[in-house]
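A, B and C are the chain letters, set down in written order, and residue numbers restart from 1 in every chain.
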Amino acid sequence: MKIHIRHATTYHYDNPGSHLVQRLYLTPLDTPSQSVLEWTIEAPGIENALRYVDAFGNVAHVTTPPIDLAEVTVVAAGTVRTTDTAGVAGYDLGSVPIQAYLASTPATEANAAITALAHGHGQLSGIEQLHSLSASVLDKVAYVIGATNEHTTAADAVRDGKGVCQDHAHVFISAARLLGVPARYVSGYMVVGENEFAEASHAWAEAYVASLGWVGFDVSNQVSPDERYVRVATGMDVSGATPAKGVRRGLSTGAETMDVEVLVERVAEQ
Amino acid sequence: MLLGRTAASLFWMARYMERAENMARLIEVSYRISLMPKPFRAHQDDWSSALKSAHCEATFAGKYDTASQENVIQHLVLDRENPSSIRSSMETARNNGRAVRTALSRDVWESLNATWIELSTLRMNQLPSDKLPGFLDWIKQRSMLFRGAMLGTALRRDSFHFCQAGAFIERADNTARILDVKYHILLPRGAGPGSSIDRQQWASLLRSVSAHRAYRWAYRDASYQPWNVAEFLILNPAMPRSLLFCYDWISNNTLSEIEEEYGDGTLPCHETATETMNLLASANMEKIFQNGLHEFLSDFIDRNNRLTAEIATAYNFP
Amino acid sequence: MGDNFNEMLEADGSVRPPYALLHKWLETQTPGDLRAKIREAESIFRRLGITFAVYGTQEASERLIPFDIIPRIFAASEWRRLEAGIAQRVGALNAFIDDVYHRQEIVRAGKVPGDLILQNEAYLPQMAGHSPARNVYSHIIGTDIVRVGANDFYVLEDNCRTPSGVSYMLEDREAMMFLFPDLFAKHRVAPIEHYPELLRQTLDSVAPPQCEGEPTCVVLTPGIYNSAFFEHAFLADEMGVQLVTGDDLFVRDGWLYMRTTRSPVRVDVVYRRIDDDFLDPLTFNPNSTLGVPGIFDIYRAGRVTIVNAPGAGIADDKAVYSFMPDIVEFYTGEKPILNNVPTWRCSDSDSLAYVLEHLEELVVKEVHGSGGYGMLVGPTASKKEVATFRQILKKRPGNYIAQPTLALSSCPTFVKSGVAPRHVDLRPFALTGDRMRITPGGFTRVAMKQGSLVVNSSQGGGTKDTWVLED
C-alpha cells in the first residue's frame, strides 16, 4: 500500500521568551515492511537541528526554536510504501540488548491486576500466548477517549478500565514482561479511512519471539500490524518514542497548549 | 569569563551589603531621635517614618499592630521574614557570595562569612536597647571591612565592576528614599528656621546618611538650610552618597569599564546611566523645587530601578 | 577494640615502622597541646567555609566534619601493593562498563547473569552502543578499602558514579601542613596537592573529537544546598574551570553552551555531580530542575563528554560487586590483587536463609543505598533493631546484600580521653583518561565513636590526613 502522511503538531505558549529544547521522533526508516519514498520535517530551528540515531535505532532531531515564538508548529510529511509481513518487524539494528526490554519502567510497572492478567496466560506460549494476552487487555481496558492522558501509567489504566492505544500498549508490555517476554512500545501511523483526520498518531506494542524477531500487537484494533501501518519509533514506553517532546526553561513559562492533526491516507499506486 | 548568574550574584551580594549598612545607620538615627525629649521631636518623627524610609511598611503591616520601638527594631534588625532586615540582608549577601565563592578573593569571602556566622546565632533577647548602639556600630564596621577587602584585593575586572554597580545603585536608592521621606516631615511647621527643633531634624537626616560632618565642610552655614541639605545629597559631586556622585561612578567608572573590557558595544543600560547622570549634572535646586522635590525623587527612583532591569537583561542575569 | 589490627602498635606494644617518628612525637604532646592544635584547625576550616550538610537533621545548617589531627601513615611498600590492586580493579571496571553497553561478552561467557545487569535500575538502555572518548566511562573512581591485617586489604565498594571526598583530602593536607610543618620536615610525605591538576588533565584528555584548541570544561553542581557543594566549588576553583548549575547551561542548535555575560560559550566536557536521573528532563526524570534539557542527546551524538558517563553506576551496584573477582579476572586475565568481601545476595533464596539465620553477625546493606543509610550492623544493633530489620528484609530480599563484619584496623585518634585507637577505612581516588593516575593515599575516614564501624561523614564520622611515605 502507498500511504501519504501529514502530521502537524502546534504548541501555543502564553508566555513566549523561555528557552525550548525539542526532540522529535518523526522519521520513519526502511524496514522489511516499509520503504520510505519521501519524507520531510518542517519546524522552527530544524535547519540547525542535531540529527542522530539513538540506542533504540530511532532517528532523533533535537531543535531549539527561536526564543520569541508564541506558536511552534512541527510538520512531518511524506509517502511510505508498505507491505504486509503479518506483523513481523524482524530482528532490528538498534543497540539495546533484547533482555533489557524485560525491565520495568514507571509507566509499565505492574500492579496486582496486571500480574493476575499476565498469569492468566502462563499456560500458553509463543504467538498464541501474545494474541490471547492482547485480547485480554482490550477486555480489561475499554477503548475510551478522554479518560486518560500522556502521564497515565499501565497500572492506572487497568484500575480505571479505560484507555486509548497508548494505555493498551503499556498494559500489554507490562504483562508480557512479567511473562518473561521482551516487549516495547511503538509509535507510528495507521490508515483509518479515506480523507479522515485523526487527532493523534497511533501506538502499539511489539514483543520478541525468538524464531521471528519482533512482532507487533495492536491491542486497540486486535490485529498485528499489516500494510495499513507505518512504524516510526520504539522505546521502553511512550517516553522514549513520543513524536514531539519539549522542555522549556526560563522565566515563568505560562500555560502551554498543544494541537495535533494527523492525516494518514492511502494513495493510488502510479 | 563570567556566567550571567555569577554577575547577578556579585551585583546582589554588594547591593545587600550596602543595604545592611544603610539600614544600620537609619536605625541608629531613629534610635537617637527616640532618646530626645518630646518637644524636640516632630509628631511624625516616630518609628513609622523609619519604616517608610526603609521601604518596609508593607512587610511590617502584615505582621505587627503598632509601630512601637521594640517592634520596628525587631522587624528591621533581625526579622527573617523581612527581606531587607539587617539579618536577612547579610544572609542574602552571604548566600550570593557563597554561590559565587570562586569569584571572590579569600579576604572578601572571609569578611562576609565571619560576619554571617556571628549574626546567624543572634537572638532578639541578646539585643536589649543598651546593646543596640554597639551592635549597629559592629554592623557598620563589618560592612566597611567588606568594602575595604573588596577595594584592596579585588582584581579590577568585570566581576569587581558588577559589585560596584550593585553597591552604588543601592546607595543612590537609599539616599533618594530617605530624603523623600524625611524632607516632608522636616518642612518647617510653625517652628522658625534656625530653631533648635529645626537643627535637630536636619542633623538627624544628615546623620542617617553619614553626611552630618561632611555637610559642615561643604556649607559654612551654622543652621541647616533645607535647600542646602537637599542640594548636598542630590547634586554635590564630592559627597560620596549624593545621587550625582553615585551616577557619575556608575556611568564612568563601572558600566563604561565593563563596556570597554567586553567591547560588545553600547547597550540600553549604558544609555540610561549616562542619561541619568547628565540629568543630575545639569540640574539645579531651583528647578527641582519648582517642579516638586517629591516628583524629582520618585522619577529618580524609577530610573534607578529601570537601570537594574536593563543591566540584568544586558548581561544575562537569570 | 580487642584483636583488631592496630596500624601503629604491634600486639607486643612495639611501634610499627611507618609510625616510628610520629609515635615519638606524640609522646612529647600533652592532651592540652593537641586540643590547642585542634582548635586552630577548626578555626581554619570554619574561616574557609568547609562544611558538610547532614540530611535529616533538624537544622540542615552547616556543621564542620570532625577532623582528626593525627595522620594515618603508610610505608611506600605498603602503598605500592595497594596501588597495583586499585589500578587492576579500575581498569577492569571500565572494561566491564564498556562491555555492558556493547556486546555483554561477560554475560555470554556465563560469568554474570544477564538480568542482574540488563534489568538493573542503574543500567541505562539509552547508553547501549555508545562509545565515549577513549572508551572510558568512569573517569573518577573512589574505591573504599578496609584493612584487616598488615597485608590484608578488602575492597568494601567501588564508587563509580559521583564519588566525593577529594576536597576533604586536599584541605586536610593543607591544614596539616599549616599545623605541623616540623612533622612534614621529618617525614617524606608523597604530595597530593596536584590532584586538581591531574583531574584537569584527565578532563582535557577526554574532550570530544570536534573540540578545537583547549577544551572548555565545567563542573556541574546541583547548587549551594547540596551537601558536597563546597567540594564542587573547590575543585572548579582549583582546576580553573567554571562552576555551573543546570540553568547556566543550555542546548542550542545541536551543541551545549554556557550562559555568560557575553555571547554563549560552547562546552566540551562536563564534570557532573548530579545523579543520572536528574541530568536531563528530556530523557530521564521529567521533573528534574537540576539538569539540562537535551544534554543527553548532545552527549549521545558525541558532541560533549560527560564525566562520569551516565550509566556508569552499573559497576558500583552492590549486587554486581559480589561478582567482582570474576569481573577482574575476565577482563585482565589475572587473579584480583585486592580481596572482595564475601557477599551473600539476598535475592538468592539459599543466601537469604543463611542471612536471616545469622542476622546478628552480619552487615546488611541496600543494593542501591549509599552513605551508610538503610543498613544494619548486626553485632552492634539492638535486639529491636535486628527484629525490625528482619521484617524489612523478608519483604524485599532482592534489595539487600549481606557481608560478614570485618575487624577494621584502627589508628591512633585524638578523642576526649586522649589518644586512643579508632576504626578507619580508606578511599583512594583513581583518575582515568588518556592514562590512569592514582593519588597516593586518599581520604581516610575514621569512626569517632569508640567501637563504631560506621565511618560515613553523614553519620558522624571524621577524616584524617593520609600519608604515604616515599622511599
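Convention: a residue touches a chain if its C-beta (ideal position, glycine included) is under 8 Å from a C-beta of that chain, and two chains touch if they have at least 3 such contacts.
Keep in mind that what you see is a predicted model, and the values were worked out from it rather than measured.
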Quiz item: Most central chain by CA mean?
Solution: C
Quiz item: What is the chain whose Cα centre is as far as it gets from that of subunit C?
Solution: B
Quiz item: So what's the Cα centroid distance for subunit A and subunit C, whole Å?
Solution: 41
Quiz prompt | Euclidean distance of C-alpha centroids - subunit B vs subunit C, Å | solution = 48
Quiz item: How many angstrom lie between the CA centroids of subunit A and subunit B, rounded to a whole number?
Solution: 60
Quiz prompt | Residues of subunit C engaged with two or more neighbouring chains | solution = 247
Exercise. Send over the residues of subunit A in touch with two or more other chains.
Key: none
Exercise. Would you tell me which residues of subunit C are touching subunit A in their complex?
Key: 102, 104, 114-115, 118-120, 123, 125-130, 247, 250-255, 281-282, 286, 293-294, 297-298, 300-301, 303
Quiz item: Residues of subunit B touching subunit C in their complex?
Solution: 1-5, 7, 95, 98-99, 101-102, 109-110, 113-114, 117, 158, 262, 264, 315-316, 318
Quiz item: Mind pulling up the subunit A residues that touch subunit C in the complex?
Solution: 19, 21, 23, 45, 48-50, 52, 54-56, 60, 62, 64, 94-97, 99-100, 102-104, 236, 239-240, 245-249
Quiz item: For subunit C, which residues are in contact with subunit B within the complex?
Solution: 46-47, 49, 223-224, 233, 236-237, 242-245, 247-248, 258-262, 265
